[in-house]
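Shared chain: chain A. Partners: chain B in the first complex, chain C in the second.
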Partner chain A sequence: MSTIAPAPEKGGMPPLRPQPPQAKPIAATEGNQRPKAERKPSGHSFATFLATIGQLPKRIFQTVFRVVPYPTKPGLIRIGNPGSGSPVLVTTNYDLTVRRMRRALEGLDCYLLVAPSAGIDVWCAATGGRFSIANVISILKTSHIGQLVSHRRLILPQLSATGINIFELRKRSGWSAVFGPVRAEDIPEYLATRRRTKSMIRVSFTIGERLEMATAMWGSLCLRYTLFPCLIFGWRIAPWFAVILGGLSLAVGLGCFKLPGKTFVQKAGFPGLLGIVGLVATLLFPWHPPTLFVVRGTVLIAFASFLTGTAFPSYSPLWPCGYSKLFYGACDLRLSVIEEQCIGCKICDLVCPVECFSLNANRKMTFADADTCVGCGACLIQCPTDAIINEVANEHRMQTAHG
Partner chain B sequence: MKSSRLHNPNEEASAFLLRPVVIERVAHWWKQSLDEAGHKGEVLKPPDLSEIAAKFQCSEEEAVRGLSVGEHLYWGGGE
Partner chain C sequence: MPYVLMKLFEEAPRRFDKWMRILTLGRLPEIRDEIASSAAAPGVQVLEIGCGPGTLASLLASRGANVVAIDTSEEMLQEAKRKIEGLDIKTRVQLKNVSAMEIEDQFSERTFDRVIGILVLSELTDDEIDYILDECRRVLKSNGQLFVVDEVEPEGFLHRRLLRGLRYPMRLITFLVLQAKDLKSSSLWKKVLYYVIEFPLMLLTFLVVPPATHPISDLDKRVKSAGFRMVNSRNFLGGTLRLVQAERLA
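Let's look at the complex of A and B:
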C-alpha cells in the first residue's frame, strides 16, 4: 500500500510535498545548482523605439488574426551570456510567444530552445500534438545544446504538460524536465527562487486578457465567415457584419462571467437578442429604417450570435472547446483520483492551470472541483502513479468490452 | 468511486505494474539527495537507472518516475 505519512513519525518518511521557500546555500555544481538569474540593466535606444514602431503592423496582425499560425525559425537562442550551468528553457516557435519570452528574459543569462510546433502557441500546440516529446528531442539534437551545458535539465512551459510527459521525455532523451511558470513574465522570478507561487501556476482571465482574446476572436470570425452573408446579401454587408461581430465579441468577452445562460451560445444569444429587439423596435418609430434593412440586420445578428457563442470557448483560456460538450451536452473528460494509488506528491496540482485539486485529511489528492476543471488532461498525463483516471473513458472501455 | 486498479486505463496504456510506494521512496530519496547536495555544494551526477532499480528493487520505469517526481518537487515545487 502506498501512503505518505502526514508527518514523520518514528523514523517514517516525511510527507512528500513541495517545501516552502527557505534560504539554502546555492551549490556551485552542475547537477543540482540553483543558478541565480540576476536581471541586468538593459539599454533602450531610439533605434529600439523605431524598431518597435516598425514592428507595429506585424504585431497588430498577430493579435487580430491570432488564429493564423505565425511560425518563427526553430533553434537555439542565447539570452545574455549563458555558461555551462545556465538554465535551458523550451518554448514553441510561435512568433508572438518567442518575442514575449525574449522580452521577459531580457537581462538574464540563459538558453532558449525554440522547438518546432508549426507556429502554434504552447497550450494549443501541446494539446493538439504539435508540441510533443518528439519536437523537444528534435530541437535538443539539432541545437547541440548538450555540448553547451553541463547539466541535463530543461524548463518546460507549464502549459505544455498536456502534451509532454516528463517521464517519457527522460527515458527517451536522457534530459530531465521540470515545469516553469505559465506566463513568460514570471520566469525571472522563478529562475531566481526556483519556486512557483500560485499565481505563476494558475491561468487567469483578466479584463485585459479577455479584451485581447475578444479582438482575436473578432478577427478570426471576420476572416472565416464574412463570405457567407456576402454571398446572400452582397459585399456591402461586410462592414456591418464586422461591426456586429465586434460588438458581440466584446460583449461576450467582457461579460462571460455575468451573462445569463449555461452554454456560450446562450450567453452570446442574450446580447444578440437585445440587439434584435432594439432593431425591430425601431419599426415603431415614424422615421424607421427600411424593413429590408431590419430583416437583414436580424439575420446577421442571429448568425453572428451563434458564431460568437460557438467560437468563444476556443478563445478563452478557461473553457474547453470540446464539441462533445457543445453539441452532445456531455464532456469527454471526467476525472477522479484512486486514493490508494496517490502518493500526495501534488504534481497534479502543480500542472493544473485552474484549481481543482486539494489534499484531503489522509494527505491524498482529491479532485475537488469538477466545475472548475477545464479538461486539459495535464494531471492525467503527469501523474507518476497513474492514480488519476478518466471515468468517461473507463465507462466507454467497459461498454466496448461488453459489446 | 471506482477504485479498482483494473479499471485504470492509464495503467493499461503504460503496460507497467507501477508500485506507488516504490515511486514514493525513490522520489523521497532523490529529493533528499538534491537537498543535501545543495547544502554541501557538491556535484550530483544524474543517477544511473539500473543502479537505482537495484537499490530500490524496482523496475527502471518506477525509477524514472520516482526521479522525475523528486526532481520536480525540488525544482518546480509550488508554495
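Let's look at the complex of A and C:
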C-alpha cells in the first residue's frame, strides 16, 4: 500500500484533453522554451476524441483512488529520436507518473526508463522500499540501456532520494546518478540548463495540486470509513456521508493555509462547526427538517471533520502524515546533524523537498527548521558520512527505506 | 499448487523449509536430492540463485561441490550461515547478498559448472527472466548445466482452469497477510482496526496490481532460446512444478 507518504509526485491537474500527436521538436539551444508554447492546437480528430472517452473510466479511477497503485509495463521508452549521447531519465511504473513524464518530455530526445515499482508513484515507492537500487538495476539490465548510450549517467527524480542512495547506486551498478527536478514539468528546463533552481527542488502545493489531493483524499476516506456511520445509522446515509466528506475535503484542501487553527483537526473543525451550526439553526425555523435528521447530520459532520483533519497531512507534501504514525510507528523523525562528521557537501539540502537545512558559519549544515520537516528521510539516506541522525531511534523506518 | 504462499513463509527463515515441504506436498526435498545427486561432484563450481536458508547449498557442498549461494534477503542468508556454521562444508559454501540481476557484475564469463535456481524466476517479470537466463548461460562453462525448478501452468485445459481458480484466493490471502507486514510492532487492536479500515482499499489494490509470483509461461522455450540444449525435464505435482535441466550450447 502506498500510504506511507501519499503525496503527489507531480503537480497539475490530470490531463483531460488528448495531447496533439505531434509537437514540433525543439533544438537543444532553444530548450529553455517550454514545448507547451510550441504546440499547435490542431491535431484533434474524432479518433483521439474516442480514445479519450475510452480512457475516461481509468482517468476517473486514478483521480478518485489516487492512493491505489496503478501499474503500467516497466521498460524503456524512447522519447523523440534519442542517440548515444541522449540523457537517460528514470521513473516508476505508476501509470499516471509515466503519462505525465511523457507529456512533459514531448519534443525532447531522451530515454525514459520505467522501473518496476509495483505501480506506485516515485515518492511513496522510494520511501516504502519499492523503488530502490535493486529496481533501478533491474531496469538498467533488462532495457540494455548500456548498449544504447555511450555515457553512464542517470537522472533520477528528486523524490526518489528517500530510497536510492546515489553513492551506493554508483558502487553497485557503475552508473552515476544525479537528482533532477521534483516535478516532471521542470525537466525540459532542467535538461536545457542543467541547473536545478530552488523552485525545482522544493515541493509545491498549488491550488490545482490541492484540489487533486482533496479529491484523492475524498475517494479513499469514503472507501475507508463509510462502513462505520452505516453500522450505526443504516446504509441509507452513505451518500450523505460521501457528500459531507466531499465538502469538508474541498474546504480543507483549498483552505489549508488560510483556515484558523494549529493542527489540522482544528482546521477541519472550523468548516465542520459552521456546517453543524447551520444545520442546528434550521430548527429555529417553523418548517425545519425532522430533529432526527439534524442529530444524525451533526454526528456525521463531526465524524467527517475529524477524519479529514487527521487524514489531510498525509495527502499534502508539506506536513508529516499522522496516519502512518498511528499504525506503522513510522514518520517519527527528529533529525540533527553531527557537526564533526559533516563535510558540507550540501546533498541533504539538495534532496530536501521543504528546505530544512542551512549552512552555518563553519560551513557545516545545520538542521534549521524542525517544524517544516516532513520526515521523508531523504537526507538520512543520502548523507555520505552518516552525519545526519534520527534522534528517535526508529529501526523500522530504516528497514523499509532500504527495502 | 499455490506457490504464492511462499511469500508468507519468507518472513520466517527458520521455518521456511518446513513450510515449503508442506506446500509442495513433500516433493521439494526429493527434488533437491535429485538435483544434488546429478549436479554435485567433488570440485564442481556451483552457483545457486536464491538460496534461501541454504538447504540445497549445504547438500551440494556435502557432496564436495564448491557453492556460491546468492540471495537478497539478509535474514535468509543469516539462517544459511547459521546452518553451515561449524560444519566442515563451511569452507566450500560462499554466501553473498547479491540479487539475480547483478550476476553480470559479480561473476565473470564461464565461471561455473552448474547454475541452479529453485522457485526464483516466478517472482520476476518476463524481461527479467529472459535477462537472467542469458546471464546464466554466460557464467556457465561450455557444457555446464542449468537447473531450473519453477511454477508452470499445467497442460490440460480443465486442470489449468482449476488451478487458476485455486491460486486466486491463495493470492488474496497472501496479499492481505503481507499488508500487515509493517505493523509487526503494533498491538492487536490496532491491527484489527487497520484491517477494518483498509480492507476496501486493499481489495482495490489487489485487483489492480500484478501478483507477487506467477507461473512461468513457455519455460522450456525460453531456456532454449537463451542458448541451452534440453537434457532432462520432469513435471511434479500434477504438472504445476517443472524441473528443467539444460546444457549450455558451445
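One rule holds in what follows: the second predicted complex is superposed on the first by the 326 of 403 C-alpha atoms of A that agree within 3 Å, B and C clash if a C-alpha of one lies under 4 Å from a C-alpha of the other, contacts with A are read in each partner's own complex, and residues count from 1 in each chain.
Keep this in mind: a residue touches a chain if its C-beta (ideal position, glycine included) is under 8 Å from a C-beta of that chain, and two chains touch if they have at least 3 such contacts.
As the structure is a prediction and not an experimental result, all values here were calculated from the model.
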| item | value |
| --- | --- |
| Touching partner for A:119 - first (chain B), second (chain C), both, neither | second |
| First (chain B), second (chain C), both or neither touched by A:341 | first |
| Which of chain B and chain C A:172 touches, first, second, both or neither | second |
| Contacts of A:225 with chain B and chain C, given as first, second, both or neither | second |
| Partner chain in contact with A:380 - chain B first, chain C second, else both or neither | first |
| Touched partner set for A:138, first chain B, second chain C, both or neither | second |
| Partner touching more residues of chain A, whether chain B or chain C | B |
| Which superposed partner A:197 touches (first chain B, second chain C, both, neither) | first |
| Chain B and chain C footprints on chain A, overlapping residues | 1, 3, 174 |
| Chain C-touching residues of chain A, taken from the complex the two chains share | 1, 3, 65, 67-71, 74-75, 116, 118-119, 134, 137-138, 141-142, 172-174, 220, 223-225, 227, 326-330, 396, 400 |
| Of all residues in chain C, those that touch chain A in their complex | 72, 99, 101-102, 104-105, 125, 127-128, 130-131, 179, 182-186, 190, 194, 196-198, 200-202, 204-205, 208-210 |
| Complex contact set, residues of chain B against chain A | 1-3, 5, 7-11, 14, 18-21, 23-25, 27-28, 31, 34-35, 37-46, 61, 64-69, 71-79 |
| Residue numbers on chain A that touch chain B, as the complex places them | 1-4, 13-14, 16-21, 24-34, 152-153, 166-167, 170-171, 174, 176-180, 194-198, 201, 336, 338-343, 345-347, 349-350, 380, 383-391, 393-394, 397-398 |
